[in-house]
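I have a structure here, written as structure tokens, and I will follow up with some questions on it.
Lettered A, B, C and D in written order, each chain numbered from 1.
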Amino acid sequence: MNKTRMEAFSDGVIAVIITIMVLEIKPPHGTTLHDLRPLLPVFFSYVMSFVYVGIYWNNHHHLLHATQHVTGSVLWANLHLLFWLSLTPFATDWMGENHFAPRTVALYGTVLLLAAVAYTILTKTLIAHHGMNSTLAESIGSDRKGKFSLGVYLVAVLLSFRMPRTACALYALVAIMWLIPDPRIEKKFINESHSQ
Amino acid sequence: MNKTRMEAFSDGVIAVIITIMVLEIKPPHGTTLHDLRPLLPVFFSYVMSFVYVGIYWNNHHHLLHATQHVTGSVLWANLHLLFWLSLTPFATDWMGENHFAPRTVALYGTVLLLAAVAYTILTKTLIAHHGMNSTLAESIGSDRKGKFSLGVYLVAVLLSFRMPRTACALYALVAIMWLIPDPRIEKKFINESHSQ
Amino acid sequence: MNKTRMEAFSDGVIAVIITIMVLEIKPPHGTTLHDLRPLLPVFFSYVMSFVYVGIYWNNHHHLLHATQHVTGSVLWANLHLLFWLSLTPFATDWMGENHFAPRTVALYGTVLLLAAVAYTILTKTLIAHHGMNSTLAESIGSDRKGKFSLGVYLVAVLLSFRMPRTACALYALVAIMWLIPDPRIEKKFINESHSQ
Amino acid sequence: MNKTRMEAFSDGVIAVIITIMVLEIKPPHGTTLHDLRPLLPVFFSYVMSFVYVGIYWNNHHHLLHATQHVTGSVLWANLHLLFWLSLTPFATDWMGENHFAPRTVALYGTVLLLAAVAYTILTKTLIAHHGMNSTLAESIGSDRKGKFSLGVYLVAVLLSFRMPRTACALYALVAIMWLIPDPRIEKKFINESHSQ
């Protein structure tokens, strides 16, 4: 089965998710800069979610780049990932509108955690299909970055009930870790495309 | 005529349908987990519709994979299917917000039924164009699964006025039936791609 | 310049337009079928706009199928068409919510008229670029169907201030005319693809 | 790495941005043309934003047409551009609903300015990767049009606090400058495609 349409559908869903979040930033009735202030937490939560959904798209792009073919199980593992990502606008909105209140930060982290679990399942499904010696399996390796993220999300969710700010700092930390490019992976891809 | 653009347009429409449904889950004003409780039926109806729209995308993907070319009638049969799917967010919202009240469950089932009828029409239009001996006709076969679903939807809609919960259980049953991969179809596709 | 990306972008915009219109059908608070009744005019206007946007997608698909390359002017003629189509959800909503009141029907028709004018401009821009002897120019021909539609829209808009129902019937008439497949065009495409 | 999926994702995001803006034009309750009047500033701001987002899509199309491959940094520079563009619906809505009040015009210009800065960064990232002697670097040249736009945006934002109308006129001026096709660039592309 061809991977092109699964990529196109995922691109569509992620494009809608990342864009409809902005509908939650409702313009204020006043026209002074002061009127924009109550929107600041909503804006911060929007920025964080935009970066997170952007990271997922980026990683999804890399993951499928190394994929040759997809199966029925891969299609469902992919839809499972899209399901948790589709809850991001809701979690973002609840957290932003309530100024990062403890339980809202916990829910946001839970959505991040479940999306990360879904991404791990998608990766494992793809590796199971391609074999442990495939380029895909090699480029994922031991997936230390993925496992570390899962651990941090779990700790952050537990912390958020008492220390929501620390939890948010941890979410931001994981995002920054993924933003910094991993030279080994890019090198791997460049080597491959040269040897093709 | 090329099928690529019909696939791309369908992907776009289905991606928007599956994602805008989340806009109906409005974040509560309170910040306790208790405040999230009234959202549970809305969330359940969202999950069911996400799975259903996902199944349609999946089946559409398989159906068009086996298709070689499309005609004007195919384009319209496809738009007809997208029309009924586009009513899913409305039916989902009405059912979720009213805690699965009888008539809302009946309308939801009617939308499922009409989408299934539209899917059957699309399949028949494609087979009429490709011929009864085509790979497409063979891979569809007698379409027992499709006919069984139509029957269950009809029974469930009639039941829903008296027993909305049983009707919902039947909708879920059909969804689970489609979620379980059909080994014969996947085998068929693998054999074909090997023999190409 | 490649036409693929212009097609992909148009597909995306039209997919969003056709789907967000359903957000305007707000579920009622009651749960009886009687509560759904006030939604009937909104639903009818949705059906009409879905069919119209579907026709535009369909014709756009055929038009670009016969196109070899695009220029900067073609990109802008295409965006101009998408602009008028993007106003469809607004015009549909105003007309549906006000039970097809005279001025709302006139505005709806004006949007249809301007979209048709934009489509004519796009066609002419493409023909100017491909030459009068191109396959594109031949398959468009004298464009009697397009000119007739423009005339009917104009008459319908003028009528709508006094006879909104007749105007709606005329809009529906034009839609049905486009829905019925034109055997000559399909034949033309089939012949071409055979001779390639 | 392949540029196709980055194009497809950008097309999706820009298609959603350009289309959801129309959701902000809420149909009035009255049915006379007089009732539409308060919507005029909202409509004007919609037209301006539609043209601006259209220009970005157009330029993005040209820029990536001349691009051979993309890297991780290019993906992020592209997401950075999409982030500022995604704020367009918010800025448009605030400005339109408040009849082009000084601070709303300043915010709108700031979003335009930051999107233009992000576009410049994307261009520079692509040139850094392709080399100063690449077709891409040549077709961009000294980017006088881009630098001039940045300057005008900056002046217009500063002016907007006192003279919001003049600021709007300047935004419109830059848009018109980009709408007029640049014969040199088109010629460049045509020459290239002939020499391929």
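The working rule: contacts are C-beta pairs under 8 Å (C-beta built on N, C-alpha and C of every residue); 3 or more make two chains touch, one makes a residue touch a chain.
Only a predicted model underlies this, so the values are computations on that prediction, with no experimental measurement involved.
Undergrad: Going by C-alpha centroids, which chain is farthest from subunit A? Tell me that one.
TA: Of all the other chains, the one whose centre lies farthest from subunit A is C.
Undergrad: Looking at subunit A with subunit D, do both copies bring the same residues to the contact (over half shared) or different ones?
TA: Mostly different residues form this interface, as fewer than half of the numbers used are common to both chains.
Undergrad: Measuring centre to centre with CA averages, how many angstrom lie between subunit B and subunit D?
TA: Inter-chain centre distance comes to 37 Å.
Undergrad: As a quick test, compute the distance in whole Å between the mean CA positions of subunit B and subunit C.
TA: Here the centre of subunit C sits 26 Å away from the centre of subunit B.
Undergrad: Among the residues of subunit C, pick out those that touch two or more other chains and give their numbers.
TA: 8, 12, 15-16, 20, 23
Undergrad: Please output the residues of subunit D touching subunit C within their complex, sorted ascending.
TA: That would be residues 7-8, 11-12, 14-16, 18-20, 22-23, 25, 27-28, 31-33, 36, 47, 50, 54, 57-58, 61, 65, 179, 181, 186, 189, 193 of subunit D.
Undergrad: Which residues of subunit C touch subunit D in the complex?
TA: Touch residues, subunit C against subunit D: 1-2, 5-6, 8-9, 12-13, 15-17, 20, 23, 71-73, 75-76, 79, 82-83, 86-87, 89-90, 93-94, 97-98, 101-104, 107.
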